[in-house]
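Look for chain A in each of the two complexes below; its partner is chain B in the first and chain C in the second.
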Partner chain A sequence: MNTIEVPALARVEGEGGLYIGVKDGQVIEIRLDIYEPPRFFEGFLVGRYLQEVPDITARICGICPVAYQMSSITALEKALDVEVSPQVYALRRLMYCGEYIESHALHIYLLQAPDLLGQPSALDLAAIAPEVVKNALRMKKIGNEVLKAIGGRSVHPVNACVGGFYRWPEAVSLKALLPELEWGLGAAKETVRWSLNLPYPELEIDYKFVAIHHPEEYGVIKGEVWSSKGSKISAAEFEMSYIEEHVQRSNALHGHTVDGGTYLVGPLARLNLNNAQLFPEAQKALKDASLKLPLKNPYKSLIARAIELVHFYEEAITLIKAYNPSGPAHVGLKLKAGEGCGMSEAPRGLLYHRYKIDENGIVKFAKITPPTAQNLPRIEADLYAMAPQLVEMPQEQATLTAEHLVRSYDPCISCATHFLKLKIENRK
Partner chain B sequence: MKTLILGIGQSMRGDDAAGLEVVRLWQTQHPVSAAQVQVEFSELPGLDLLNLLEGMEAAILVDAIQLHATVGTVLRFGPDELASFTPDAGSAHGWGVAETLQLGSSLYPSLAKCRVMLIGIVGGQFGMGAGLSPVVHEALANAAEMLENEVRSLLKSCKINRPYSRGTPI
Partner chain C sequence: MTITPKTNRKPKVAVYKFSSCDGCQLSILNLEDELLDLASAVDIAFFLEATRTVKPGPYDVGIVEGSVTTPYEAERIKEVRDECKYLISLGTCATAGGIQALRNFAKADDYAKAVYAHPEFLHYLETSTPISAHVPVDLEIWGCPVNKGTVVEVLAALLQSRRPNFPPSPVCLECKRRGIVCVVVAQGIPCLGPVVHGGCGALCPANGRGCYGCFGPSSAGNFSGLVANMIPHDRYPNETANLLRSFSSHAPAFRAAADTALKAARGKETK
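Our next item is the complex of A and B:
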């Protein structure tokens, strides 16, 4: 196989390169080189007042700003021993529903579906299946509208703060979204049915799945960190089991278990570990799909996202119908020096934050572990697993297959610190 | 005729903020015109550009551009020229203006009827950090004047005289 170079891998976020070295018909090296400059967000946060943190960290990503807000808020509330009201917690869940809806609709239809349908881009998909893309954009828009109703704008919403929200959103604004959310729920169920018939490449990996689990709700904001190998730990214990290390060729840290193993976070992990906590319509969609769990094919993350879409539309509808705020939208903070760990499930997977603050609420230390950084070693390992198939393929097909595999994780290199060019080199 | 004036650009990426600054300057200098159209600002509109254009009959987008031309040059691109731009949807999260317009036109007949034009300011540096380069800063007045001429032309052709503005500077 001769050298393959793709100037930039499309439909992933950020900049980086994929290198595949081949010698004597064998793949001998695979690297995801993240060369986009580091963003130093953790450094920016030091010296800032704690209430600035949620809106600064939200700027890490335009697709999952709520995840960064919620993980930072829960960590800082832990440091201050703050408990929020059930109403505040419900509104946080609703805000997260909006984020899942807009993120998953985007990835399913505009980022991964073109690969499965043999189209170079969403523009080409729109040409052959305009109704599919129109429905996708409508589904995505509803998620953004939820964010706008709660947070004032559809991207990088504000309003969430340590202790709750700056103000309650208007009930009438939220309830006005119900008809579109009901339509979206139907479209999401149809998305599951559609997703089952897509031509996924064959690949089964014995992953160590890791996700937040809570016995009474689909794990997103609170719960324990569960793994499919049986471990159950709190957020405070996260760094004792999962660590990041610098890789010289990459501007993103690589996450692994303390014993050096890889693990997978994201929709497959959540669905496999938390399917019992799905809302009823999502449970039914899962049952009707007759899937054999655990799902182990990374390409089928799309199906997991589709089932989650059903869940989050359904949960959003339930939460809005019950929305009837009373009392203060946030609790007063009693500042003190402390340290707190927080986590939540971004659409791409577990997002962990830890902060130290002084007695004036000034950040003295910040640590952020994004989902894509945790998945990067796993993506490389999966490319190795695909290697025997890749070397047998024509150059163009090998390139597309490798690109598709990477895209199926929905990597957000902006969050991890950025991503992709593909180079397959035949070493003499 | 419902008309949108949209300033586009990232305020923390050097000359990329030129589109935002031009529209702010124009709002200040020409409040009468600004009151008769809808004014919006967006740092990275992406696919949300389609939502902003929904229901509009005309739109003027103001954005920094990268071009092999003298930095600070102000250019006007009409609907036909915009349609000929080569899409480059290289990023999952950062759909560009050209590909978003192309996607919208292919999906929504009503959007295809919206008369979209672009006022582009050729930028020189798009690195991290706020602040325009001096030559782009100097070009703001020219671009704001071009925007005013285009708005007047639209208002005149449509004989619009009703107040219509919900936008506020960011």
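Our next item is the complex of A and C:
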């Protein structure tokens, strides 16, 4: 192959480009260029009342608004020493189930699978395998319906607040979703079986996996930050271990561990660290898949997503069956000055927030560390690891294989850009 | 206005992204029941979020998500206008500048310094502005995010050479039609429902909270009446002003009303 230039990556969330410079048969430079414009969220959150924060941070990402609502809500509740009821917590888990289902079904079938099946898009795939795409859309729709039943709509739902929910969703509208969720669970198990036989490129990386871990549930909203190298820290200690650095070469703030190493967040990290906490059907799907854990091939994060799909359908069914709300949907807030850290697992990886508020509940400081900013150095490092294979490939195949690697991360560039420098020079 | 080409070919549709969260484009992909039919009725010629295939312009319909916030985008939107016969602004970023238009009320440089270590490397405009501030736009679809049903209605209307059927009434009327108890009257919660464009189905009042204006100003809104009547209900300083200064803050009617609300609040302080 020769130098690869992909000025605008397709089937990713947000705007980015890819450059792999080749000279005399050697890869000399790899860059993931992010030209998604900065929108300054941390800037304009300052001065807002705390209850406005979840509605604003949702707008960082249209695909994972629930993650942005949940991380900001848990951080602000920490600042106010608010404890929510088990019922509120269960409904938050259910909301997250909806987001995982829609986001993973979208990514598996509409964003990544076309690479593995040699198609430019799922719409082209529909022309040759209509049932696959129809089932994928049906799976995705169920996740959106869960979000709609809880928060009115799937993109930027309106019901979550600091302290709980504005109101309990109707039990009848949630229970009406059970037949479709049962169908989805079957379809998700089929997705796992299907995912095992796809032609993934060969690549094994010795990652440092980082994810939220909780001994009693699949880590999403509460727990410690675990790494595969053995470290276990609380949310409050996150910034002591994981920092961002402004790397001018790539014009981005990149996530690093304090000792300068890269790390990986997202489905591979979660599956490898938390598989013991999966629901039974997901455990069985994992066992039947005969995978050797830890899974170390970034392209195979599709399989991890498929197993998570089984888990989240199963968890959604369990939570809806048990749903029987009583008492207030949110606790009253006693305002005081304070600081709080919050985190949750967005479908694409760990999302960390920290806020300082004054005695009137007004935000004085906001910091948001999105998953894609943490994964960016890892994506570039993976591309370097892939380089010896890439240079041997014909141009089109090398380009597709490199693009596929980026897409397999499910990068959310709109999320990452409040940390990434705008780069437009090389687009002209 | 018709978009149907004179020959038998399907109309070519392009979907563009400017400064945004991707949520409105996602609303197109969230048309799970209609997406495959849509893809057979039109030729999706450019839609990076969905496909690697890029068919060259000109296009019969261009759909733009996002606002203009960088010098590059200010140039790019002119190219987009040139290559599209019929141009649609999709969502409140494209129709009003979106949440990122909050920089229009502050110094963008201060925000850049607060967020980035090296703001001198950034390229951004002082303001976030709607598509219509840069090029003529044929149709605006409001919403943060848009109602995906409205997107289907617009595309269907264009294919059938008829006017799209938009809800003409504000959120307040949608709320009454759904039989929801008014959150202002019953609970004293500030709500922008009387002055906000309908289309969401009164989602916030249905969830026991006030409308925060993501579908932009209704042409029939009595803004001075709203501000005077909501401010007494503010539960924290400047609640009504903040509601107006959120997702549709750069829309002229909201700008003026937020200024009035802030002035009234300052007057209250000095008394």
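The rule is simple: the second predicted complex is superposed on the first by the 406 of 428 C-alpha atoms of A that agree within 3 Å, B and C clash if a C-alpha of one lies under 4 Å from a C-alpha of the other, contacts with A are read in each partner's own complex, and residues count from 1 in each chain.
Definition applied: contacts are C-beta pairs under 8 Å (C-beta built on N, C-alpha and C of every residue); 3 or more make two chains touch, one makes a residue touch a chain.
Just so we're clear, the structure is a prediction, and the values are computed from it rather than from any experiment.
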item: Partners on chain A (chain B, chain C) - clash or fit; value: clash
item: Which of chain B and chain C A:Ile60 touches, first, second, both or neither; value: second
item: Which of chain B and chain C A:Gly151 touches, first, second, both or neither; value: second
item: Partner chain in contact with A:Pro201 - chain B first, chain C second, else both or neither; value: neither
item: First, second, both or neither for A:Arg48, with chain B first and chain C second; value: second
item: First, second, both or neither for A:Arg167, with chain B first and chain C second; value: second
item: More chain A residues in contact [chain B versus chain C]; value: C
item: Which superposed partner A:Gly338 touches (first chain B, second chain C, both, neither); value: neither
item: Touched partner set for A:Lys141, first chain B, second chain C, both or neither; value: both
item: Colliding stretch - chain C into chain B, listed as 109-117, 163-171 or 253-261; value: 163-171
item: Residues of chain A that lie at the interface with chain B and also at the interface with chain C; value: 8, 10-14, 37, 61-63, 106, 110, 121-123, 126, 130, 133-134, 137, 140-141, 144, 154-155, 414
item: Chain C to chain A touching residues, read off their complex; value: 17-27, 29-30, 32-33, 35-36, 39, 44, 48-53, 69-73, 98-100, 102-103, 106, 108, 110-112, 114-118, 121-124, 128, 144-145, 200-201, 203-204, 206-209, 212, 214, 236-237, 239, 242, 246-247
item: Residues of chain A defined as touching chain B within the complex; value: 8, 10-14, 37, 61-63, 106-107, 110-111, 121-123, 126-127, 130, 133-134, 137, 140-141, 144, 154-155, 410, 412, 414
item: Complex interface listing, chain A residues touching chain C; value: 8-15, 35-44, 46, 48-49, 51-52, 55-56, 59-63, 65, 102, 106, 110, 114, 120-124, 126, 130, 133-134, 137-138, 140-141, 144, 151-156, 158-159, 161, 166-167, 246, 248, 251, 253, 360-362, 403, 414, 418-419, 421-422, 424, 427
item: Chain A contact footprint on chain B (complex, rising order); value: 44, 46-48, 50-51, 87, 89-94, 99, 102-103, 106-108, 128
